[in-house]
Amino acid sequence: MTDFSEYSSHTDLALDARDMAQAANHGQTIPGIETDSTRENGIRVTKINVLNEQGSKALGKMQGHYITIEVPALRQKDSQLQDRVATKFAQEFEEFLRTIGIRKNAKVLVIGLGNANVTPDALGPLVVENIMVTRHYFELYPNDVTPGYRAVSAVAPGVLGTTGIESSDIVQGIVEKSNPDLIIAIDALASRSMERVNTTIQIADTGIHPGSGIGNKRKGLTKETLGVPVVAIGVPTVVYASTIVNNAFDMMHKHFSEQTSNTGQILGLLDNMHEEERLQLVKEVLNPVGHDLLVTPKEIDEFIEDIANIIASGLNAALHDAVSADNVAAYTH
Amino acid sequence: MTDFSEYSSHTDLALDARDMAQAANHGQTIPGIETDSTRENGIRVTKINVLNEQGSKALGKMQGHYITIEVPALRQKDSQLQDRVATKFAQEFEEFLRTIGIRKNAKVLVIGLGNANVTPDALGPLVVENIMVTRHYFELYPNDVTPGYRAVSAVAPGVLGTTGIESSDIVQGIVEKSNPDLIIAIDALASRSMERVNTTIQIADTGIHPGSGIGNKRKGLTKETLGVPVVAIGVPTVVYASTIVNNAFDMMHKHFSEQTSNTGQILGLLDNMHEEERLQLVKEVLNPVGHDLLVTPKEIDEFIEDIANIIASGLNAALHDAVSADNVAAYTH
Amino acid sequence: MTDFSEYSSHTDLALDARDMAQAANHGQTIPGIETDSTRENGIRVTKINVLNEQGSKALGKMQGHYITIEVPALRQKDSQLQDRVATKFAQEFEEFLRTIGIRKNAKVLVIGLGNANVTPDALGPLVVENIMVTRHYFELYPNDVTPGYRAVSAVAPGVLGTTGIESSDIVQGIVEKSNPDLIIAIDALASRSMERVNTTIQIADTGIHPGSGIGNKRKGLTKETLGVPVVAIGVPTVVYASTIVNNAFDMMHKHFSEQTSNTGQILGLLDNMHEEERLQLVKEVLNPVGHDLLVTPKEIDEFIEDIANIIASGLNAALHDAVSADNVAAYTH
Amino acid sequence: MTDFSEYSSHTDLALDARDMAQAANHGQTIPGIETDSTRENGIRVTKINVLNEQGSKALGKMQGHYITIEVPALRQKDSQLQDRVATKFAQEFEEFLRTIGIRKNAKVLVIGLGNANVTPDALGPLVVENIMVTRHYFELYPNDVTPGYRAVSAVAPGVLGTTGIESSDIVQGIVEKSNPDLIIAIDALASRSMERVNTTIQIADTGIHPGSGIGNKRKGLTKETLGVPVVAIGVPTVVYASTIVNNAFDMMHKHFSEQTSNTGQILGLLDNMHEEERLQLVKEVLNPVGHDLLVTPKEIDEFIEDIANIIASGLNAALHDAVSADNVAAYTH
């Protein structure tokens, strides 16, 4: 499938990449990819392992482990559902760390990427605000820390435009001074579909790569650059306006191709148009406001706060044995 | 022209209505409508007077005076341009009040409609925060008020969903207790085009009508309901996702109709599709996230703050002689 | 006892008034006053009924019912204690409404007094933000409301300095348009003692009176002015700097009077000084920063948020049967 | 003079230290100290140079250059005065950098110390938000930067309690990765006197030392630890409650000593009390709320915002030639 956006040559979600690859493969399984999906109580959990070079190529995603948690009803402000999602997230995250070989008392640094003053980009900083931070107790009173906790620190490094320094440089400096065993990096993503916005959480052990996420990042946060494993947690919070238009074109194409009458011609025209002209059309439509028009639902303030609480609660429960999935909400506000 | 959105059967801006009416009228002047437009320094000011029933019908807008200030570059965070726009707004607003017969010392109540916790709907409350409020001095020390000021009060009445009371009822109660001579109501609007978002300010003496603005209002704020004139200030801060899709369809239609080859057929198909099917298509595209998907640019936090400062500065200068257009910025933050 | 502050000629808390009156009465019971006190789990609940004119005079408080909930440990950020206090508050508030004859389905208007932009004065607006508002459902769909709820609305009317209108006028206007059966007004108070700040909640059926609370109010919110009963909920969030100084003088006085040696003279001097000079001294000490120096603990942001959540949670549970004291926290954020 | 607070064994302002040292020295000049003071338009600027070990000992302050800008009227919300202070601050700061030998194009890293969520401790983070950041342009497009700017970056490293990492470690990591030539560190201070709160700005080339500022810092930010000069900008935003009490005791002492009558005895008693008992008394008065009771004026939100804007505006003008003292306000909000 052709991508009509000039802004983003990829999708940030492995799940979308898998779906597209599978569609392109006429629904057949893709070699080098393992997937597993369960659905319960309105929460769908899909695990995708990109096993080798072949799978990586097919998906356009790095080798590694991916978990996607989809909750279509998450935007309906149902606080009981939110609690269930936080609990599910905590369980999956804990298991994920085990799977990728992180030991129970590994020291964790949580990094909240993004700009705290731009609501749809504020997910990372908001999560960091609600992380239960304990590293300083381990440093100052190593013998007095209650069992059931591990050393956790948390930083929101800001964005290039407001600090003047690459966030990856800031993180690297902090890592060198504070010596964590694992980085957990939270970032807001751009999605290909409106319905994913604030309803989907992705966990991956592949780190953060240049060009992913909303902001402009020139360097990534990876095991290669930081020397310790980097688990990325991402949530789509914006879509490109061009994505909405593309979706409409695709719908229209599908619509006509389902009609039996003499629409062969129009389909042909549309198909011919795809490559050269559709891009041009999308540009014309969106031209007045410039290149990088990312849009977000009007209710973004509330959505972001809800999902940040879910992730922070879930991480607190997953990282500290003493915080159970039941009392998880008590630690956030 | 057909409107494909089920959500909004009208456009909130008189300028858009005029453009559409004029287009439908093959570019000819519309009877019952007076318009006048000037452009200077990147700021275009258009005055539209809807003179009679005929004009009102043609535009789908109430009889009255409309001013639109368009500043395409307003989203580029140029603080000098913002100052120029505030000054221009102050001049136009002062003249507007004169034109509609408001006397110099009329007591003013500024109403900031909208939800302070939903960024694109927070324009009204943000303006109210920066209004120079003086009414209490006139009430408490009527003989000691410095010349050059008039009695101004300002209230953000909240929205039905967070107060449980119609904002029009709250305003009516406040009007009865505080007896202003004029209401100025500020509201965020939904626009038909992305490029208008946070670049256009409309002033009108027709009040606020049910269904206008972003929120659900069942009653309006008008001279009929409140007993005093109501001047409305509106800024588009959101677009319907369906609007973006519609724009794309229109672009496509235009694209094909400009081609000479055998596209007669496809045009026919597209035209036939308009009425019944396009609406259906748009719904399919946007279905997953429900009806009322209003989207806003990612940078909305900053845009809203900038334009709220412009309006508050402009109102402070227009309402108080002692505040000149030069020192206008000193009173907001 | 002499009050050395020129700003406030009274204490806002009935409990403090009772203690002072009792002290002045050499520990004996005061006629016209009924009191009852229980303590459990770090929470002390004191009920004071001012039965008649005599009691009212003795305490300098209006006739009526007062409940004080004291939780000295409330500033220690213990979320489990906070939950217990919210539950206790809900139980006491529900019983209080019964005691003063409010019926189960009485329509309630919650008023959050104070300035949302001044942290220690923001208690009322913060509570209002977390109140579960239902009145509009009763108005719009009277036959479809789930049992277990009553009609609740909530408004933060702002303060005179930012609206230009007396908050009592705004409330009166809203009451006339929305016809509640009961007003619950939340306000931040000034306290005589630092230890009360953010640790004490007072409930009273006497309404809000001019001069009470932090801001300048010239009119009150009472049954007389509004036509319906007014229950006031108050929390001390500030102390006058002069109060701290006074406390120090009193301590010093007590210190010297406990010494047996030749301090008769000094005590005499101090006592003579009381009336004329102590006030002068306090003024000299505090002069540089002007009259109304109200101070608040550095950590006020967090304290205010915590106690606003407690009150909002408690009110939601007390007002709606469908909200139990157990799931109370789910409705606030 | 004895310090009665157990919390702070020093004053953060060189000016207070000089005054106390001078008072102890019976008004005579202190060897090893140079001072110079000017007053103009309600702004007093005092320069203190601690020349050697002897001066350092006398003042209890490190060797170095100190400038204090005092503006008693700064809390009166006069926007024209604020502009004058910003301009004065810019001039003094520019000259200060010259005096201590910082070259014109030195790359600057601005560090905003403190906790953004605790209003009186949020000065540093607030200043950082309004700093004109340019370093990334120099890194990405070194040949295209408009003349008149230098490379400036800005970071708010958070506090130990919310990150789990010493802010000095975070800063050190960032310095190593971004290689500035000069650090400017902004911090909120505790003051000995209420009147200094939010009216005084201190500039010093001695860096930030452990124990200074509001928060708990175990390491400092100095040339020794960071390898580049560190200029500290401090503003008192809180006082210890014990300071208020102490001031009252001192006033009382002064009051009695000015009386001619038989108060010799009481003075003796008070003097004897000083060392052992006054501390005890202060503790008794403040005991209920624990050790570290720092108080701040009720209006702190507004004061902090105003003074943060002054410092940010002033720094932007002082650091970039292209930003003149006249247009300084345009760059902050």
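A, B, C and D are the chain letters, set down in written order, and residue numbers restart from 1 in every chain.
What we mean here is this: contacts are C-beta pairs under 8 Å (C-beta built on N, C-alpha and C of every residue); 3 or more make two chains touch, one makes a residue touch a chain.
Treat the numbers as computed from the prediction; the structure is a model and nothing was measured.
K.L.:
Which chain maximises the distance between its CA centroid and that of subunit C?
P.N.:
Comparing chain centres, A lies farthest from subunit C.
K.L.:
Tell me, please, which of B-C, A-D or C-D gives a repeat of the A-B interface, judged by over half of the contact pairs matching in residue number.
P.N.:
That would be C-D, since it shares over half of the contact pairs of A-B.
K.L.:
In whole angstrom, how far does the Cα centroid of subunit C sit from the Cα centroid of subunit D?
P.N.:
Centre-to-centre distance between subunit C and subunit D: 36 Å.
K.L.:
If you average the CA atoms of subunit B and of subunit D, how far apart do the two points sit, in angstrom?
P.N.:
46
K.L.:
Could you grab the centroid distance between subunit B and subunit C? Build each centroid from C-alpha atoms only and quote it in angstrom.
P.N.:
Taking the average C-alpha coordinate of subunit B and of subunit C, the gap between them is 42 Å.
K.L.:
Would you please write down the residue numbers of subunit A that are in contact with two or more other chains?
P.N.:
Each of 117 in subunit A touches at least two other chains.
K.L.:
What residues of subunit A sit close enough to touch subunit D in their complex?
P.N.:
117, 129, 133-136, 151-158, 160-166, 169-170, 172-178
K.L.:
With touch defined as at the start, can you tell me which subunit D residues reach subunit C in the complex?
P.N.:
Subunit D reaches subunit C through residues 72, 75, 117-121, 193-195, 197, 214, 238, 241, 244-245, 247-249, 251-252, 255-256, 262-263, 265-266, 269, 277, 281-282, 284-286, 288-289, 293-302.
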